[in-house]
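The same chain A turns up in both complexes below, where it pairs with chain B and then with chain C.
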Partner chain A sequence: MTAYVVRRLLFVVLVLVAVSMLVFGITALLPANVAYLILGPFAPPEQVRALELKLGLTDPIWQQYLRWASGFLTGDLGESTLMNRPIGPLLAEAIGRSLMLTGASFVLIAVIGVGLGIVAALRHGRPLDHGVSVGTYLGIAVPEFFWAIVVIMVFAAWLGWLPASGYESPSAGLWIWAQHLIAPTITLVFGHLAHVSRLTRSSMIEVLQSPYVTAARAKGLPERVIVLHHALRNALLPTITVLALDFGRLMGGIVVVETIFAYPGLGRLIVFSIQNRDLPTLQASILVVAAIYALANLMADLLYARFNPKIRFGRNVG
Partner chain B sequence: MLQIDDLTVRYRTPGGVLEALSSISISAEKGRTLALVGESGSGKSTVALAAMGLLPQEAEIASGKIVFDGRDIGAMSFEERRQLRGSRLGLVFQDPFSVLNPSLPIGEQVGEGLVHHRGFSKAQAFERAVELLNEVGIVNPQAVAKAYPHELSGGMRQRALIAGALAPEPDLLILDEPTTALDVTIEAQILDLLEQLRTSRGLTMLFISHNLGVVRRIADEVAVLYAGQIVEHGSTTEVLHHPVHPYSKGLLAAIPRIGLKQHRLAAIPGRLPDLRKPPSGCRFITRCPFATPSSDAPQTLRQVGERKVRCANAEPLRDTPWPRPEQVAEPIDLSARNQKPIVSVTDLTKTFRLGGGWRFDGWRPRKVETLLTPVNAISLDIRQGEVLGLVGESGSGKTTLGRTILRLIDPDAGTIRIGSETISDKPQRELEAMRRTAQIVFQNPDSSLNPRKTIGELLARPIERFGLVPKAEIPARVRALLDLVRLPAHYADRYAHQMSGGEKQRVGIARALATEPKFIVCDEPVSALDVSVQAAIVNLLADLRDRLGVAYLFISHDISVVAHLADRIAVMNRGELVEIGDADTVMNNPQHPYTIKLLSAVPRVDAAMQART
Partner chain C sequence: MSGDATTASAAAPEKPPRRPMSLQLKVGLAITGTMVLLGLLAPWIAPHPWDTISMRTRFLAPNATYWLGTDEYGRDVLSRLLMGARLSIAMGVAATVVSLAIGVPMGLAAGYFRGWTDEVLMRLADILMAVPPIMLGLLVLAVTPPALWKTALAVGFVYIPLIARIARSVTLTLANEEFIQAAKARAESNWYILFREILPNAWPPLLVEASLRVTYAILLGSALSFLGLGAQPPSSDWGLMISEARSFIDRAPWIALAPGIAMCVLVIGINLLGDGARERLDPRLKARIGKR
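So, the complex of A and B:
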């Protein structure tokens, strides 16, 4: 198992190196470099040239990459060209807020999605099953910004229970903090339930018909034990993989949702840096998103191995 | 202990209501073993599921009742039935490979009945599971209890299943084909184990099987099931040694017997009636050589001597044997067979690398390789028109050898000559001529026939590919091939799923014959078929050999079939050829200890009844 974890971790590192090269390469291909962006379109060429030299933009691209990448490793992410602040703390703050949002959404997606999947599988072919299907499909079929608007209309405008947008830190009071999280979370969860619940449903239906479930029934085990202990354990395997992919999709989802709810997280930082051509911030943000994505997949692989003894290596009794 | 009275079970299917069981009545007395015998579609597994109260949703008990220890199971609540299952009624399933939960340790699965029925704690149940595993003859039960199913062999899994069913000490054990998926040596061990448990615990058993040899070893009483009805029911000796119902006669006649080499096996023609509209009269009428006009009337199960038989003509038929098949073609001149070999294999070796790759030894990466050599320095010859039988247990390398000879798998060392051509060192693209001379028939006709092509297209393809006849003559050639395997010409327009298993295997054989080969590897060609169908296919293969002079490498785990068909027999064990020789010599005077062990494990129908205690 240790060997397996080490190997997976090496893969994650490789992926991150590849992504960093891509991110750096693409932004380096853009016609306007950082010096132009800082000085604006009307700056005299000598001044641009001087800044380029100062920032090292005339060096060969691989030297620039190495400088950027080693800065990253030592925790120096460079400076935001727009806000003239170090990117590190800026990004850390945004990540923290986004993780609150995606973390809460992710847990709810997993719990509600798997739960709905099980219920639909147990009632398979009956009205409840169809209801779950239609509901979750509706969530995924209509874009997130639409649900965001619906949520704002219902909870903020009509009922007045929740603030329409913004963010408050937990230090302002837990309830106030939570209030600002609820609306974007609902939006994200609704848009992502279908994958998890559909997949859990279909693999659960399949597993419930498998010989080992019949064998468990033949042993006279209670239904609850059969469903939760015998069947779910096997039915969850494909769901785990999809959950990891969904975590990646959530990272995309926050771009839209944070923008609509004016929630100052990673998604909004990305949009903001794109709009304002803040290249260093953009590069750093994207690398962070890639890292989160890779780690989510790593987690999925490890969980998969945890639940699927065939993947665990090295033992042979027979 | 268990009494099933007048049980009728119907299934709702897309094609209409199917009556799987019609008025079945059986009873298993305490400490006795009742065997239910039947082929696929007879409804024997439905009996097991009905007795356990585990019928699927689309099934419905139309009439009858199941009484266990004086209580009507049908009248119980769901919860009462659940309490009964596992604790007093145990069920062992057919396929040990799919009935163990892949993600739970063996010990937990063996002991969980104790947790739910006997109030054990998980730790106590695990401890008891280890004891039980030991009791069913598993070495190192501690380690096995912690292992997962994929880490165990088939025999160990079946033992674990039996241990799990026995854990709460049930009074009745229902065994649904418990040894079908296992090798004969393992099968013999499991049967011994069951017999021992029956005597030591006074266990009652309902033993469901299609294998009459196994039934002979284990059962006190036999009920023969055909198309959802019991056709004959009596003591094991009576039914198996002097069958009265025509179906029982046919079933017994169809079994190839070791040491009794007839030229052809008796087969039962035709197929099961459609149980969506079962015939009102005798259900065996269309396949019965003794049918009379009166067979059209409904038949009842009635007492004939000591036993019950469902046949109006039982008395006159009592001593009439099932008709012996006629020989269809003159066997080819035997002396011609002693020519030079058509296939000649020398020192053939194939090694697979399993799970190769880099592992971490602490922090240091290290290359690890697990090697498996299923074909280890094997040399053999097959002469023209000869049948070389290849036997061995699963994993012995039989299939790999067959495929390596045909270069479907590339060998690592050794030479293969087919005809006058050495093919072991040629690249695949130069094997054209060999592909025409040497063909293969696969075990499973369901997966070896393309489901989207008609039988005509399937058979025309190799003819076209090798340009054997002008295009215009292909349909005629396809018809000739179908005729050769005794399928009607209109089958050319059918798809594989429209045919029965035996018919599909005939197509598989016709496909192999399409290129007019001199040599065919038959890889377990009858293992997926019922006994009565198996006999017909074995006969067909024998006829084709006699008519066309084709040589076979006939691979099978069923020694009786091989003994029946083969001229010479080769025995494989763990990749090595341990014995090869004349069929009669190998069967009657085996030399290698492994061959002796294998032969003694084969369950035989005609052996004298074992002394039962």
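So, the complex of A and C:
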């Protein structure tokens, strides 16, 4: 197991190095460089030239990359060209808010997804089962931005229960803070429920047909005990890895959802920095997202290996 | 247009044991076929011009003249929807063709040659898959002025690793078949074996997978358009339509609902078609994928 963990960790490092090169390389293709972006389109050429020299933009690209990457490792992420603030604190703030959103969504996806999966499995082939299938299917068949608009339409425009967008810090009052989290959370949860509920359903159905469940039934145990204590424990194993993967998927989902709800997290920071050509911010935030995504995938793999001995011993399934 | 060719032929090749089509496949075929047809015929069947601005017909609710109402510039929503269908479908298909064109040769080579070729190609795919698809798309699009064809390219690029993996696993199973060994015994070139022996046999499952990828491509492409990194105004791309309708959601919800529901129907139709075709192609596959 240790060898497997080490190998997977090394791969994550490799991935992050590759992604950082990709991020740096693609943005370096831009016609206008950072000096130009800082000074604006009407700056005199000699002034741009001076700043280019000061920022080291005339160095070979690999030197620039190394400087950027080593800055990243020592915690110096550079400065946002648009907001003239160091990127570090800016990013930390955005990550914190995004984690609130994704954390809340993640917990709800786990609880509701597993719950729906169990209910569907127990009513296997009956109307309720089909209802759950269709409902969760709609969640992934329609783009998140459309659900976001439906949520705004229903809860903000018609019912007037929730604010349509924005963010308030917890210091403004817990209820106000929570109110701003509810709408984007509903959207994210609905868009990601299907994977978990489907998988829980199918593995639950399989487990409920296994001999040991039949034995438990023959012993005369109440159905509730059989389902919750005997079957669920085994049925949840595959679900755990999908949950870890879903956390990674949520990091992609926040881009659209945060933009629509004007929620100032990581996703909105990325879109904002693209729209305003704020390269250093864009590079840093995408790298952070890739890191979180890679760690979530690593978590999924490790959990899978933990519960599945076939993978643990060197056989590369992939 | 290549759109209907790809989606239609996904269902066609797997016929040998002449079974009746499943309901799933029929419904999927009907929905997808209708959408493709509507998209193709859009310029002729659209009841009004899709891009003529008219201040006197702004924000009209659905009525007898404008079945789905009008938008903030007084343009007919139904006509825009129909013109948007061809954009969405073409974008999804074009993106999928891009990922097939690069992903399939990658997967074939990795699965056939094994060894370090496999290792290098698949680790490359792993690296691309280590970034959330939408981020990769954003990154590619961040450096150029937005346009729909660039979105299609970016989306196609994003899904290369998925296609490569599928092509690889299909090749792995085919590589041990007798007809491949026979071709090797005849001393055929690797090129011949890959593209004349393996590829024709790998097509049916690949096309089914590709038809399912089209829906991912449509969803991702519309999300990018929604964020302003795809089709540009006055285009009637569905993602862009929803994005523009956002500000009028309380006054004129039909402008956003129409493209949203249309996209929902299209995606479900293609999914049913792909799933139905996959089941028909290999009933065992469905059981395996259901467990995943």
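General observations
FYI, the second predicted complex is superposed on the first by the 268 of 318 C-alpha atoms of A that agree within 3 Å, B and C clash if a C-alpha of one lies under 4 Å from a C-alpha of the other, contacts with A are read in each partner's own complex, and residues count from 1 in each chain.
Simple rule for what comes next: a contact is a pair of C-beta atoms (placed from the backbone, for glycine too) under 8 Å apart; a residue touches a chain by one contact, two chains touch by 3 or more.
Note that the structure is predicted; figures quoted are calculated from it, not measured.
By the touch criterion defined above, A:Leu22 lies against chain C but remains apart from chain B after alignment on the C-alpha atoms of chain A. Of the two partner chains, chain C is the only one touched by A:Glu144; chain B is not. Chain A has more of its residues touched by C than by the other of chain B and chain C. Residue contacts after overlaying the shared chain place A:Leu232 against neither chain B nor chain C.
Look at A:Ile118: by the touch rule set out above, it reaches neither chain B nor chain C. Looking at the shared chain after the overlay, A:Ala3 reaches chain B, while chain C stays out of its contact range.
Contact with neither chain B nor chain C is seen for A:Ala110 once the two complexes are overlaid on the shared chain. In the superposition on chain A, A:Ile274 makes contact with chain C only, not with chain B. In the superposed model, A:Arg217 lies in contact with chain B only, and not with chain C. Counting contacts as defined above, chain A residues 318 meet chain B in one complex and chain C in the other. Across the complex, chain C meets chain A through its residues 122-123, 126-127, 130-135, 138-143, 215, 219, 222-223, 226-229, 239, 242-243, 245-246, 249-250, 253, 256, 260, 263-264, 267-268, 271, 290-292.
By the touch criterion stated above, chain A contacts chain C in their complex at residues 11, 14-15, 18-19, 22-23, 26-27, 29-30, 137-138, 141-146, 149-150, 152-153, 157, 199, 202-203, 206, 238, 248-249, 251-252, 255-256, 259-260, 270-271, 274-275, 282, 286, 289-290, 293-294, 297, 318. If you check the complex, the residues on chain B that touch chain A are 52, 54, 82-87, 90-91, 93, 95, 98-104, 112-113, 116-117, 140, 143-144, 146-148, 150-153, 156, 161, 164-165, 358-360, 363. Those residues of chain A lying in contact with chain B across their complex are 2-3, 6-7, 210-212, 214-222, 225, 229-230, 233-234, 307-310, 313-318.
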